[in-house]
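Across the two complexes that follow, chain A remains constant while its partner is chain B and subsequently chain C.
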Partner chain A sequence: MKRLTWLVPTIYIIFLMLPIYWLVNMSFKTTNEILGGFSPYPVEFTTENYVTILTDPTWYWGYINSLMYVSINTVLSVAVALPAAYAFSRYRFLGDKHLFFWLLTNRMAPPAVFALPFFQLYSAVHLFDTHLAVALAHCLFNIPLAVWILEGFMSGVPKELDETAYVDGYSFPAFFTRIFIPNIGAGVGVAAFFCFMFSWVELLLAKTLTAVEAKPIAATMTRTASTSGYELGLLAAAGCLTIIPGAIVIYFVRNYIAKGFALGRV
Partner chain B sequence: MSIDLKGVVKRVGAETHIYETDLTFSPGGFNVLLGATGAGKTTLIKLMAGLENPTEGSVFLNGRHVTRVSPQKRNVSLVHQFFVNYPHFSVYDNIASPLRLAGITRAEIDRRVRETAELMRLTPMLKRRPGELSGGQQQRTALARAIVKDSDLVLLDEPLANLDYKLREELRNELPRLFADRGATVIYATSEPHEALLLGGTTAAMRDGRIAQLGPTAEIYRGPNTLDTAQVFSDPPMNTARVEKRGKEVHLAPGVSWPAAGPIAAASDGVYTFGVRPNLVSPQEEAAAGVKIEGEVLITELSGSESVAHFALTATETPDPWVSQSHGVHPYEIGERRPFFINVSRGLYFDAAGARIAG
Partner chain C sequence: MKTENQRAWWLVAPVVLLVAFNALVPLMTVVNYSVQETFGNNQFFWHGVGWFQDVLNSERFHAALGRQLLFTAIILVIEIPLGVAIALCMPKKGFWASVCLVLMALPLLIPWNVVGAMWNIFALPDIGLLGYALNAAGFDYDYTQQPLSAWFTVILMDVWHWTSLVVLLAYAGLVAIPDAYYQAAKIDGASAWKVFRHIQLPKMNRVLTIAILLRFMDSFMIYTEPFVLTGGGPGNATTFLSIDLVKIALGQFDLGPAAAMSLIYFVITLAVSWLFFTLMTRNEAK
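Up next, the complex of A and B:
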């Protein structure tokens, strides 16, 4: 019995990794091989799919567009959420608890609900098909999330730290930037990570609010697939590349992710 | 620097944390704010530091009206009960931070930081982060930050409460000396009467958001003006009982009485509250003026060379069980009825309003 303790975790990991392996496997195959039959590894190994994506502007601009609006959104969300979370964490004001909860309910509505109003509104103010449009639209669900995460981390810092700093002579802005934010650095990292991830994987708003100039990679993938038949190898390679940014970002906050999922409350 | 609170009231919502208070501490002294948890010590300290604004009344520092002046502009130092340092700064940077904000030259900062670190025995830890230090060293860092600033008013809010016994004793002995040379006015909040007595200086005894009494520490201990002060300044709490003075006798209970002597002798007949500190109630007949009374032992505590017994008087009802604190080891048994001896010559008498009967 004891010798079998490795078995369950191993099966579990194989189960988890199989789809990712299959995606990687497919990305190094030609479309003909993929459609031709079952093979657990690429028989005709090819990097052609990756070369196409990295050299064809219609492909790689998808990544650049996605990274641009995701970055703008992340910076915007965290920058706006920091003071908001500080207020929720440190001050009592009329309706603060209700407002705080209401923020979270914003996450509960499917983004699709907002697709139409956003489309109409952004078209009217000439924001349609810009990176800013998608970044702003994603703030809808990312700012509440960032506020919740940061509030949790901030409430873990004793109020006495604020008081000590004021008595020592720090003005509020100096205290906030030089003492407070460095102290919740992990929280800022986790909040930024979650904003990045949710913005990166969000499809519907990103597709609705863009046409050509700011077309995200996910849109590129679906459109290319439908116009030039089934380029399965190409799609798989594009899929592999979309995993990479998230993997890089998650590496930096790997020790704090659990706390982030608990919205900073541990 | 002298500090004056004039008619200060602090209310939060419907609750009153500080009732109308007038309080003056003269410059350059060591002052103690003594009171149980929740008496309002921390609130009062925050009002002095400017971290909170009074609902009513004014605060003066050296005669300057500072009621709504922010803490940054008051030149005060504050040390909390919890070890509060800037976790991402080294000890050196922690100590240097108030000086850097004051715009002092680098060389001068370096000199003062090193001097203070030497004084607080932190020199070997200057490069470390506060998180890598022991509790005592962390609190020393916080104290060093308060000292290095050379502020006129130093507020210490139970700075030793979270330290272990040995460290507490050590720092307690050093503290008055550290500030004495600097001419700063120190206000030290504590909940331990014992600590107040050791620190000396002036004590303001607080109870339920009010200053019960202000005066030299030893004097307040010996002669509390009111029952409130006496209660604040006694740990374990003072034993109290209702007594009746009839002629030249004080009656505690049927068969328990003693000749009225001292201040009570001149008082008119009537009902008074008698108070006696636990160390004046002994299980053995030793004191000359020992008055015997029977008690039922409820709880006993043995701490080294000291025995403590909580007991209920069998002859009369008292608001709280009485406590006897005596030297030596006395074997008590829970539930046993045994005699205790009250040294009534050092007992205190209070009238119905709680004011002490003074001669």
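Up next, the complex of A and C:
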């Protein structure tokens, strides 16, 4: 009985890998072979789909655009969330609890609710179709999340650290950047990971706020699927390439990921 | 103990400004639309609570809300116990634990439309592995035609996509339990079930509340994955609240009803989430 417990995660991981395997399989097939019928592995192996994507600017700029707004968003979210999380974890101030819940409610707002007003708002401030627009819009749900995670990690740091530093004559900014932030390095990494994750996977707002210049890869994919018939191989190859950045990021945070999912509150 | 310091407001000010810009302006726009009627030309007329009455009385909204609640209930019932079970069976440390964590987290980082596209291809009845296998096994399966198949696919897709979140949270809760607890249980001769019921479950209480809260919020807002997979069909079988809302707002450009529906939708999400949040903070206070 005890020996068989490894079977459960194994079966689960196989279940997780099957659709990914199928996507990879499809990405190495020619369109003819795909439409020709069922086959568990590519018979006429081709890398043409990948070549198309990596040589056509309308395709590979999609990736660059996505990575650009995701990076801006991650840096921005974590940078403003750090001092705020410190305030929530160390001080009591007027309306702190209400403010914290209000921030969280924005994580709860369905993006579909905000799609149209967002379009109008960012058009009005002349940011429509820029990377900054998407990065700012994603702050709506990423900042509350970053504050929540960082606050969890910061509350785990004893207050004596702060008091000792102030006694030693550190000013707040010096203490915060030189002593406190290095102390919660793992927390900052986890918060950045989550901001990256939710900005990378979101499509509805990113698509609504862009047209040509800043169009994310996800939007390029949906357009391909609808306009040029049913190029499943190309779609599959594009999909496979979107998995790679996520896989790289997971590898780096693998030791902190579980704690991060618990928002530092374990 | 936290000290009282009103200057802390300066530290939260940037966050408040950024979030308020994103949250309050669009929210006011929605409120504005929800009480007005327009006949084009950018002319708006006061419409009071008319749109709210329309939406609350419309069959269409009831149907979408019903589907949404059913979907959320089903995936919570499947994903939470399944996630806990997998976490219990996982290796707790070492090389294999890292392998499990990395592989399990992978679905969480795939863009949502790619998840939809992936399952679309995976479940195609003629050339997809899942569809082909099910039909070969004698099931009459075609998610583009049959509502039942479509529901099965959407739910399986969500289980595939999000169970890992529950696993990772439950795992985080489990590894935080000190060894002494298990040793004490061993001395008392407690059965595996008793260890789970009286040690592991209470210790996972907090992370499981987070898991339920996150899964509730995200499944209640689900849009991209079913939209790419089934487009809300066949018919309206998988048209959940967000899909219906986007159809009304951006498809038909019925701003008033869409805005009223947005607000009702938001209030429902908020009310349930508030309930979970209160439960959670009450547990933390204990």
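The rule is simple: the second predicted complex is superposed on the first by the 257 of 266 C-alpha atoms of A that agree within 3 Å, B and C clash if a C-alpha of one lies under 4 Å from a C-alpha of the other, contacts with A are read in each partner's own complex, and residues count from 1 in each chain.
Basically, a residue touches a chain if its C-beta (ideal position, glycine included) is under 8 Å from a C-beta of that chain, and two chains touch if they have at least 3 such contacts.
Remember, it's a predicted structure, so these values are computed and weren't measured experimentally.
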With chain A superposed, do chain B and chain C clash or fit?
-> fit
Given the touch rule stated above, what does A:Leu203 touch, chain B (first), chain C (second), both, or neither?
-> second
Would you please give the vertex angle at the Cα centre of chain A, with arms pointing to the Cα centres of chain B and chain C, as a multiple of 10°?
-> 90
Kindly classify A:Pro182 by the partners it touches after superposition: chain B alone (first), chain C alone (second), both, or neither?
-> first
Tell me which partner A:Val80 touches in the superposition: chain B (first), chain C (second), both or neither.
-> second
Quick one: classify A:Ile72 as touching chain B (first), chain C (second), both or neither.
-> neither
Return first, second, both or neither, reflecting whether A:Asn106 touches chain B, chain C, both chains, or no partner chain.
-> second
Considering only the touch criterion stated at the top, classify A:Val167 as touching first (chain B), second (chain C), both, or neither.
-> first
Which of chain B and chain C A:Leu18 touches, first, second, both or neither | second
Does the superposition put A:Pro158 against chain B (first), chain C (second), both, or neither?
-> first
Return the chain, chain B or chain C, that is in touch with more residues of chain A.
-> C
Superposed arrangement (fit on chain A Cα atoms) - minimum chain B/chain C Cα distance in Å | 8
Taking the two structures together, which residues of chain A meet both chain B and chain C?
-> none
Can you list the residues on chain A that touch chain B in the complex?
-> 158, 160-161, 163-171, 174, 179, 182-183, 185
Can you check the complex and tell me which residues of chain A touch chain C?
-> 5-9, 12-13, 15-20, 22-23, 26, 34-35, 37-38, 40, 76, 80-81, 83-84, 86-88, 90-94, 96, 99, 101, 103-118, 120-121, 136-137, 139-140, 143-144, 147, 197, 200-204, 217-218, 221-222, 225, 232, 235-236, 239, 242-243, 245-247, 249-251, 254-255, 257-259, 261-263, 265-266
Chain B residues within the chain A interface of the complex = 46, 49, 51, 70-72, 76-78, 80, 82, 84, 86-88, 97-98, 101-102, 142, 145, 149
If you look only at chain C, which of its residues touch chain A in the complex?
-> 2-9, 11-12, 14-16, 18-19, 21-23, 25-27, 29-30, 85-86, 88-91, 98, 100-114, 117-119, 121-122, 126-130, 132, 160, 163-165, 167-169, 171-173, 175-176, 206-207, 210, 217, 220-221, 223-224, 228, 241-243, 245-246, 249-250, 255, 258, 262-263, 265-266, 269-270, 273-274, 277, 284
